[in-house]
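Note that the chains take the letters A, B, C, D, E, F, G and H in the order they are written out, and that residue 1 is the start of every chain.
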């Protein structure tokens, strides 16, 4: 079994960290190595280009890019790599993330970005793990366990609700 | 180098085939084995469940699911597999694909779907290839070549435009 | 007069309970037996399938399913039953329920879901009662009384306003 | 087994008939008695009121109301009956049915309307049949058969696709 | 000079009173007689019908109707009168008034409603006064004065800003 | 009985004439004098200002202004008159009239515009007539007749449909 | 090197000052002379016209106009000048600035307005400076320095994040 | 008087040429030198970077960038230059240009793009000329003449309409 590739997480602004933070917990839970960078498609375009260009040879398997407003960051990174890039639209601003969603998901033919839900950083991490699991049987098994846990959690909440309803 | 995993493409309706067809050409160009199925999350839910559950053990690496309107198919497949699922919202109907986009991209925490652009089947195929390239160095090289070809195509169009402008 | 069929209420998450709670009061007021379940289309898809498949033979007449974001739950339940399914889109998230509304109301031909307003759990309960009233004359009478009460309430508010306006 | 209640279909304009027509075929297939009326919430408000008020005693079990633009018809009928009212938003006009959808689905607390998809007349008919099936075991059985037919149709289309793909 | 006709203001719910209140001040400022009623298109449809039918003969010149969500009230009143009806969409609910705006402004051919901005009760009052001014020269003069006052207010704010900027 | 005031119709572009044309028929049917002008808020702003400023003293009672895209024309006219201004948003362009609707209906406090439906020129004419009817009892009577005609037309269509249904 | 032209900033309401304030800081940082005016397209239309007409001869190079709701101000100013006009849509109201954005950006052919992001006053100032820099080499150099500073700020935030991540 | 700076027009795809073409006519009419390039932010990102970086020193005064879908091109160019960049959102695709509009106009703080209307290439050219006119008095005069011509054209259309109306 080969060592897992790492995940590179790029945020357009450090103010996005609280939204990204639960995604890091997921990556840790699955023992996925990761790096987090603040880098702007517009304010530091050369740094963004370099990050994307060097990612594959640095052992990165998946790039996650989170950005708000006219969220060009995921597309700009995707333009400079052949790695899968997952885009996380961030809510905020007057359009509350619809702008970011469209700017991420509506990529033109040739340069795909994988969009997840607005503020869906946790799902971005899970998607990255599913991608890496193709390379790593253990990750597949762990993901199956994770889904079983989630199902048990839902069932636990149902049981708690049944108790609560009896009391009413 | 391991044999490439295959791509499973699921359409909610056979009327979506023309939109899917260029994606199949991309997969062929990259020598990716694939299977295409018509299967509905609502009309044949058990078949959808089986497809998703059996995918990984059948050698599938990535599932692409295309659906319109209240496009539940990608999410329903994702609920039954730990493979990455790419969702392609299909335009059509009075809301012209915004409904499908939201129903695909706004998946709740725990079960990710990777959304591409409305009618973006070609990008779904390219994303699948990028995912499979983590497992297959040759695919990475081919993808780099493909991007170079695309760039040359753009440059060729620019040269043609310059000629055209001279004539005006 | 036959015993009323029951109403099965399914929530995608227990956090939706406060929104559902006033609907339960309506069902109690009309003496409709009901059951409330937490069950996720994506995290516990098999449980959801079972709930829907067994509903009719368990004496359920109407299913109410409430979900937010890419709200697949009502459609997934509808795929597995021939009972009427009422979907309640839940607000929240960056799109504030438009995503849930579209994912519920835009069901493709063949598998209907009856959508009510975003966060419209009370109307879902009233609709369920109207449906059950076809089977149960007493419910029809009670519903007529309920509408008369509502009208009186509006008229009471108008009288209070007239008093208030005199004082100004 | 009791005789099935009938379905009353009300259109805001006779130009909506082609969209309604396939729904009538569904009702015929299930042997549901029905009546179709052209009646406007705004141009013939008294007629609309009468239709709704007399529906239950005329043996109607479900009202289906289709309207476009500021589609008040379903809500206006619902205000005058305790029968379940299904609203079908009709596309057309500059907003292409989003206006009709919102005007139908966003009913205030107290007076529910069951919205189906924009132009979803067939689903409105199927929903009406599901509602009437609570009262009529035969309808339940027929609906199960109908769903099996639909599933077979999807599977047939998949088989046809597999043949087509072999030829390519 | 004839006595001014009155304005009838109808609210779908008494909770809308704070939004309506500044409009009443405008009517008072212009010495326009008015009446305010709580009346629901759906919960008290007969009362709404009566209000509209009797308005002209009671000396009403303009009806202002304010409603939220699937805001049918202005259209329902307009169906029963030949007086001009001004509709005020009220914000609130998950769609924040876009639903009310569409349900008011998109009236089908034949029965007009004059829509003003979401929560634009003051403008509804001013529009009513402009309408009544056709009948009443004094009102026209007062409205001209009011516009001059508004202009002076803006100029006063500009002067205050200039002072403030000097201090910075 | 006083002579009816006239209606001034202003179009932002002569290409809007076909949409305006049925409104002129309505005005003729009711014997309302009218004038139609092509005038742009942006390309001929001084002309627009003059039209609005002179309207009242020229015997105009109501201004109807139709415009598309960033439809400023109705608001600009309203800024220069105390007459009621009815705005007709025109569809067309990539946003198909939503831009025009918002630019017309969302007028700030102080300067109202009465918005009708997108492309709703006929309703604008009817609204103008309703406004003028306050001043002119005959117009009120004619409007009542017109509404009766419309109702009869709907009933005629219903009878035709009943015949058609018998034949099927 | 010629003296820089000035920037004229016009706000529809003095309540917009806090949003405009950071833009003034930018102009000061670049030593650009500016004037700020409160002026309404609808309440003081003549003042708006005069401001625009006199701007060029008063040494103004760029006009920035900020407005919310049916934001006609930038377009009205643009109608009366040949200077570049930058429009800043302001959030607020039930539509939260989408109305203002459409009313500003969708200007018809012939009279352009340069729209920036909703509440994007700072970018309006930077755009004005970029425009003025064509006339003034020093401004170009300062703008390059400003972009370098912004890039360093992003890099500083990245370094701070790396430290923070080590501590976790 | 200095020689006018040139305009650089960049299109994401050569299929956008017909939409751009009328803008070139405007530039020619005003004797503005221009260059047109096909260049993609995603398929030829290095070429885009170079174009932007070299623009100022090549005598470019304004960049116009037209793109559809997730229209990153204007923002990507703006990241690499201190020249004013005008973005033209192009309609097309399922969202018909709303995606392009948001991706262009909602630029984050620090890197402005001047957005014009969807498909508003002519206005982009006029805005570029207005910008260049600050540097070139003759252009200002020509622009004033152009606006006079436009006004005359509107007045001519009004006269034609008056003739047409007489004939009806």
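Methods note: a contact is a pair of C-beta atoms (placed from the backbone, for glycine too) under 8 Å apart; a residue touches a chain by one contact, two chains touch by 3 or more.
In this text, all values refer to a predicted model and were calculated from it rather than measured experimentally.
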Next on the checklist: Taking touch as defined above, what minimum step count separates chain C and chain D?
Outcome noted: 1
Checklist outcome for this item: Cα superposition of chain E onto its copy chain G, rotation angle rounded to the nearest 5 degrees, comes out at 90
Item to check | Of A-H and F-H, pair with higher C-beta contact tally | outcome: A-H
Checklist entry - For chain F and chain G, what's the span in angstrom between their mean Cα positions? => result 36
Next on the checklist: Can you work out the whole-Å distance between the CA centroids of chain C and chain F?
Outcome noted: 42
Next on the checklist: Where in chain C do residues touch at least two different other chains?
Outcome noted: 13, 40, 43, 69-70, 93, 95-96, 98, 105-108, 110-111, 117-118, 147, 150
Checklist entry - Which of the chains are touching one another, listed as pairs? => result A-B, A-C, A-G, A-H, B-C, B-D, B-H, C-D, C-E, D-E, D-F, E-F, E-G, F-G, F-H, G-H
Checklist outcome for this item: Given the complex, residues on chain H that touch chain B span 13-14, 17, 36-40, 43-44, 47, 69-70, 93-96
Checklist entry - Contact residues on chain F for chain E in the complex? => result 5, 56, 61-62, 82-84, 86, 101, 105-118, 120, 122-124, 126-127, 130-135, 140, 143-144, 147, 150
Item to check | Residues on chain A engaged by chain C in the complex (per definition of touch) | outcome: 89, 91, 96-98, 117-119, 147, 150-151, 153-155, 157-158, 160-161, 165
Checklist outcome for this item: Residue set of chain B touching chain C in the complex reads 12-13, 40-43, 45, 49, 68-70, 72, 75-76, 78-80, 93, 95, 98-99, 102-108, 110-111
